[in-house]
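Each of the next two complexes has chain A plus one more chain, namely chain B in the first and chain C in the second.
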Partner chain A sequence: MTKILYSLKTMHLARLLLIFLTTLILISVLAPSSFLTGASFRSMAVQMPELGFLSIAAAMVLISGGIDLSVTGVAIMSGVLAALIMKMLGGTEASSTVIIPAILAALGIGCLCGLLNAVLVAGLGLAPMLATLGTSNLFTGLGIVLSKGSAVTGFPSAFQMIGNGSFLGIPIPMILFLLAISGMAFILRRTKYGFRLFMYGTNPTASFFSGVNNTRVLFITYTISGIVSSIAGILMVSRINTAKADYGSSYGLQALLIAVLGGIDPSGGSGRAIGLLLSIVTLQIISSGFNLMHINAFIKDLTWGLLLLLIMVWNYARQRKE
Partner chain B sequence: MKLLPLQAAASDNYLLHGRLKGYAMDTLLEVKGISKTFGGVKALQDVDLRVEKGQTCCMMGENGSGKSTLIKIISGVYSPDKGEIILNGHTYKKLTPAEAIREGVQIIYQDFSIFPNLSVAENIAFPVLENSGARLLDRQKMRTIAKEALDRIEVTLPLDRMVEQLPVAGKQIVAIARGIIQNAKLLIMDEPTTALTYREIEALYRIIDGLRKQGVAVIFVSHKLEEVFKISERIVILRNGRKVLDSDAGTFDRTKTAYYMTGREIPVVPYDFILPDNNSRGDPILRVNGLSMKDAFTDISFSLYPKEILGITGQLGCGRTELAKALFGIGRHTGSIEVNGVPAQIDSIQDTRRYGIGYVPEDRLAEGLFLVKPLTDNITVSSIDKYGSRRLYHRKELITAADHWLKELEITAAGAEEPASTLSGGNQQRIVLAKWLATDPQILILNCPTVGVDIGSKNQIHEIIKDLARRGIGIIVISDDIAEILTVCSRILVMKNGKITREVDSVRITADELEQELISAADEET
Partner chain C sequence: MNLKQITKTSEFFLLTVILAIFVVFCFVNPAFFSLGNLFDIAKSMVETGILAMGCLVVLVSGGLDLSFMAVAVFAMHSVSLFFGRNYNGAPLPLLILCAIVVGTLVGLINSFFIAKLGLPSFIVTLGTSNVISGLCLAFIGSKQYNKIPASMLAFSKWNIISVENAAGGKSNLHGSVIILAAVIVLTTFLLRKTMLGRSIYCVGGNPVSAARVGLNRTKILLFVYCFMGGIAGLVGILHVSFQRMSNPYDLVGNELNVIAAVVIGGPRVGGGYGNTAGTILGVLLITMINNSLVMLRIPTFWQKAVVGMIIIIGTAAQILRYRRSQTA
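Take a look at the complex of A and B:
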């Protein structure tokens, strides 16, 4: 049985790897001249991290057996806040040091948003779906109010470097994302918090009776989710040099789907960072490949949806067979 | 195999006895040579069973002995690989659930399969109306049908009350009435007394007795010896998919039950611990003084000494579970608790862990285990702070600890990385025990430690508990299983209505006296 469960887990990873390789080869064959170029990989490495950070945020909460629908709301509000602070402190002309308070404020608000979710879920006992649906609207709305509904633009060049610069030829967002996903892997596999998170996600009642401080686990989880979401917001604003309250609002559900495709069990208690990484890389390849082949963006969405359904039906069929 | 002659003798005896008593010997159900295999596991092998009209037959066996499979074959849920089922003279090779119901077979499952959000009348009358083919609901008729069903078992229930508002016993009555009104000739009840109080059990016995007089046969699945002898005329014991005993209850030697069920002799060694006299006993590890919790218990005081096993018993709702939880830091209480002679502030489970108190909950599956997680995680979840550094750990350390406990408690498992769901009830319970032992507790509170555990593992768990006490842990066992309390505990507290009404050494009270004590508790309550 363990072997089955283990092979199931690894099966899922193996399947993901298979899908990943298939798409990679398929796109390389179909559009070799444009896909297998440094430029196309660079553009993927720039686009992927934003959604990647949101997926990490969503995945952590999914492992706890909850759901965080407010990840984009947090990203938007943090991005708008950072943008406004930089604007206030001088905009394009300001010295590069103003990005420090801006980033700290963005991370701080992300942390506060996470704490608010935690208070609603762990403190008041609201259903995570309802609590975060509410706060999602609240955060997005605050973003709109703060920015007065218009685009905020014009930041010091040092800030634009975060989203557009590169180090040793690797885009900085990609480096940050790889660091974050490694951090997630470390948290899940090596920290006692990670262990408790898995136990809580599997059976909250049993973890309560086992002496796990459930409230604490939830507070840490939602706070991590908030902070990680705000990093996505900073990256987004930096890359396009604009903060806009309605930008990237469709990312939230995509982030959830990426997490599920990556093998994070939506009922809680299991999931691995490596699965998440494979899942997001695969979807980015499909997305970029379609762009390069000039395939309609709507077809792209349709393909994503089909792929996700396929994977889930596949998983389900396997589990039933066992 | 050796049992065969005895078994034959027992059935002969039964027939003779039955005739003498003058029962109508019309056969209602006959099962012949039934075998059933699930993926290579022989669940039933060549089982014969005969039930006469109006007979009460008790079926016993350990978990996995084939009881549930046999019940499901009789009710048409499973079809047998070999053999035939004869109901009211009609022979079936394969029986469908609809055919079984038509022949009058009704099962009362442990969860009763009722609709909690519908009324008593709707629940009882639903199947009758469903089968009548009528497209419109006739509310009046519904009430008439329900009333008639309840009258037949001589019980009154508020017809318009939502079933979810009824106590467990009420839900059970609804399920029985629903079966009866569908022309039940054979009622199969799967461990019907598990969640009932003594008083409710007595009422259930009366219902079953009434049904017997109306010619309805009952197959009663049970773990509890006492009730088996009280209610049934006949005892059937299954072991490893075979029928090993079929005997008249009157001539059956009850001391042999464990032997038939497990196939081996299990010696019962009572726990002998004598509290040292006042001068040499030292400080108790736990002293509870005037502990009260609103709507649960009042003014509870007792002491627990090292190496002692203290039993707390009382019927369902007497406050025993709330008391156990309060000692474990759940719920708001007043009064004082001392650990090792020092006042202890116990307001959360984190507090109790600091004082070395562990709690094994009653509901193993919901409150004790992480079923899909490996045994390693299940065993180390409460002691995770002990391994590695303050915030980090290596999985290897957890596996080493888990391996140690698997060996120590003789837990049968293919390995520490197996999920807990693959274990039997008895082994699962040991995993929950191991979880707390891994925290080095000085006090263990065990709430119904062997509920739903078969008789063989039960005795082994009792031995483990005694062994832990001998090593110096103070143990509180909360249970309504009288035999368990008497064999495991050295001292017993009886609770009624949230108060301790009697304290007695277990050697000074017999099972019958203790049972009387509990039943009288029930009478005073009403």
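Take a look at the complex of A and C:
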């Protein structure tokens, strides 16, 4: 049985890989002069990580069988907080050391947000969807309150480096994202927590009776989700040099779409980091490729949605056959 | 149901909370307790309230629809553009009928994947919402359109009650509340009095026993997502006439706010629970708070945070009450 399930999951990966290669080849053939250039790859590497971090955050909670709708809320609030701290400590003129307290505060608030979600879900037993729907409004709302609804701008150049700089020709956000996704793969496959997370996601009752501390698993999961989301917030603020409470609010559902397309089962218990990576790279290639070919930007949304439906129906058809 | 049982229902609890908040608001600002303000709240409830009825039916059936706003915009924009360009004198009932038909047809897409193939509603509607709004923006139109049919403009000025207020102006109750009331009555009738409605509870509450007693899950779910689509189409038309133009960027992105209002009213995620009374109270609570922060001299940027807190406290209170009733 487990073998069949395992092969099904890898089948999803195989299909995803096929979709990825098809889009890559299609776009390369259709727009070779503009797509296969350093500049276009560089711009993709800058755009991808923000949504990437949010999808990692969303994916971790999906594996537990829950759902985190508050990822963008956390990103917004921590971004605004970091921006305000830097503003308070001198803005553009400040020395580069002020970015340390700002980043720490952002990560800290991300951690707290995750803990609050965990208290509501694991402590009080609220349905994850309702709890995070509430906290999503709350966090975004607090972001608006902190910034009084207006844009916060002007940060030291060291902070802008995070989102715009590069190391050995690779944009820093991309390096951070690759580190994060490898970290996710390591945690899921190689740690006790990862194993317990899959167990909990598959069957909470069974994991409870096999001695897993379910509450602890949930606390770690939601806290990771919060911290990872706050990194997305920092990257976003740093890249556009502005913090505003309504930036990126559409990312939340997109992050879920990426995670599910990447083979993270929303009913819990399965998913791999490599699937997530494939899924986000595919979607980014589509959106950049369409952009380069001057295809209406709305067709991009349509294609993302179609891909999700396609892979679902594909999986379904194969499952029926077997 | 006797009085004691009624006081134990979650709807009664919600009503008490609403009344308590209402009294507090009235003390803070007496203008809150004016006919004009109550009429405003009623009008603001129309869109969310009607959509909430559709969401309720979906939640009762054990599903979740994230695509209804995309469907509403699709129906809204296609119908307004088509009639605005070709037949500007179209009567309102025809427009509404067309929008409901368009919405239902688009809802059929969801039905196909969810009911026919049995795929999870959450993922399907996540996908279709992207597809539907992409189709709308790419092929129907991505610009605001304000040459909407005259009957829509006339509808926006249709007040059924108009009372002179103390300040000398008029307090108006908009006619759309009749439509809201009609949809509530219809949904209540559907869920309580029809075989189909009871089957929706059964399919949502326990799919296995539903299958054992011979309910056709496919047909029931087919209806549920078409119903949601039709409701969304109706709201699309109302939205155009409220705004006096068709803006394809409206509505989409607010799905979760409607779902929040619905879940405060009692249905549990997972299906089988919920009723129209609780749902409309949930909508009332959210609308009342959204509308009155200004009157209470609370800066509007607090709005989202307050709504978030209400959702958290509301759902937590429901859970705690449920637990207490289990242990007692």
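Criterion: the second predicted complex is superposed on the first by the 317 of 322 C-alpha atoms of A that agree within 3 Å, B and C clash if a C-alpha of one lies under 4 Å from a C-alpha of the other, contacts with A are read in each partner's own complex, and residues count from 1 in each chain.
Criterion: a residue touches a chain if its C-beta (ideal position, glycine included) is under 8 Å from a C-beta of that chain, and two chains touch if they have at least 3 such contacts.
This is a predicted model, so every value here is computed, not measured.
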| item | value |
| --- | --- |
| Room on chain A for both chain B and chain C (clash or fit) | fit |
| Comparison of chain B and chain C by chain A residues contacted | C |
| Touching partner for A:12 - first (chain B), second (chain C), both, neither | neither |
| Which superposed partner A:139 touches (first chain B, second chain C, both, neither) | second |
| Which of chain B and chain C A:190 touches, first, second, both or neither | first |
| Which superposed partner A:208 touches (first chain B, second chain C, both, neither) | first |
| Touching partner for A:244 - first (chain B), second (chain C), both, neither | neither |
| Where the C-alpha centre of chain A sits as vertex, the angle toward chain B and chain C in the overlay (nearest 10 degrees) | 70 |
| Chain B versus chain C as contact partner of A:129, first or second or both or neither | second |
| First (chain B), second (chain C), both or neither touched by A:198 | first |
| Minimum Cα separation, chain C to chain B, after superposition on A (Å) | 5 |
| Those residues of chain A which chain B touches in one complex and chain C touches in the other | none |
| Of all residues in chain A, those that touch chain C in their complex | 69, 120, 124-127, 129-131, 133-142, 144-145, 148-149, 249-250, 253, 256-257, 260, 266-267, 296, 298-306, 308-309, 312-313, 316 |
| Residue ranges of chain B touching chain A (in the complex, touch as defined) | 349-350, 352-353, 359, 361, 366-374, 377, 381-382, 384-385, 388, 391-395, 414-415, 417-419, 421-422, 435, 439 |
| Residue numbers on chain A that touch chain B, as the complex places them | 1-2, 5-6, 189-193, 195-196, 198-199, 202-203, 205-213, 269-270 |
| Of all residues in chain C, those that touch chain A in their complex | 64, 66, 113, 117-120, 122-124, 126-135, 137-138, 142, 253, 256-257, 259-260, 263, 268-270, 299-312, 315-316, 319-320, 323 |
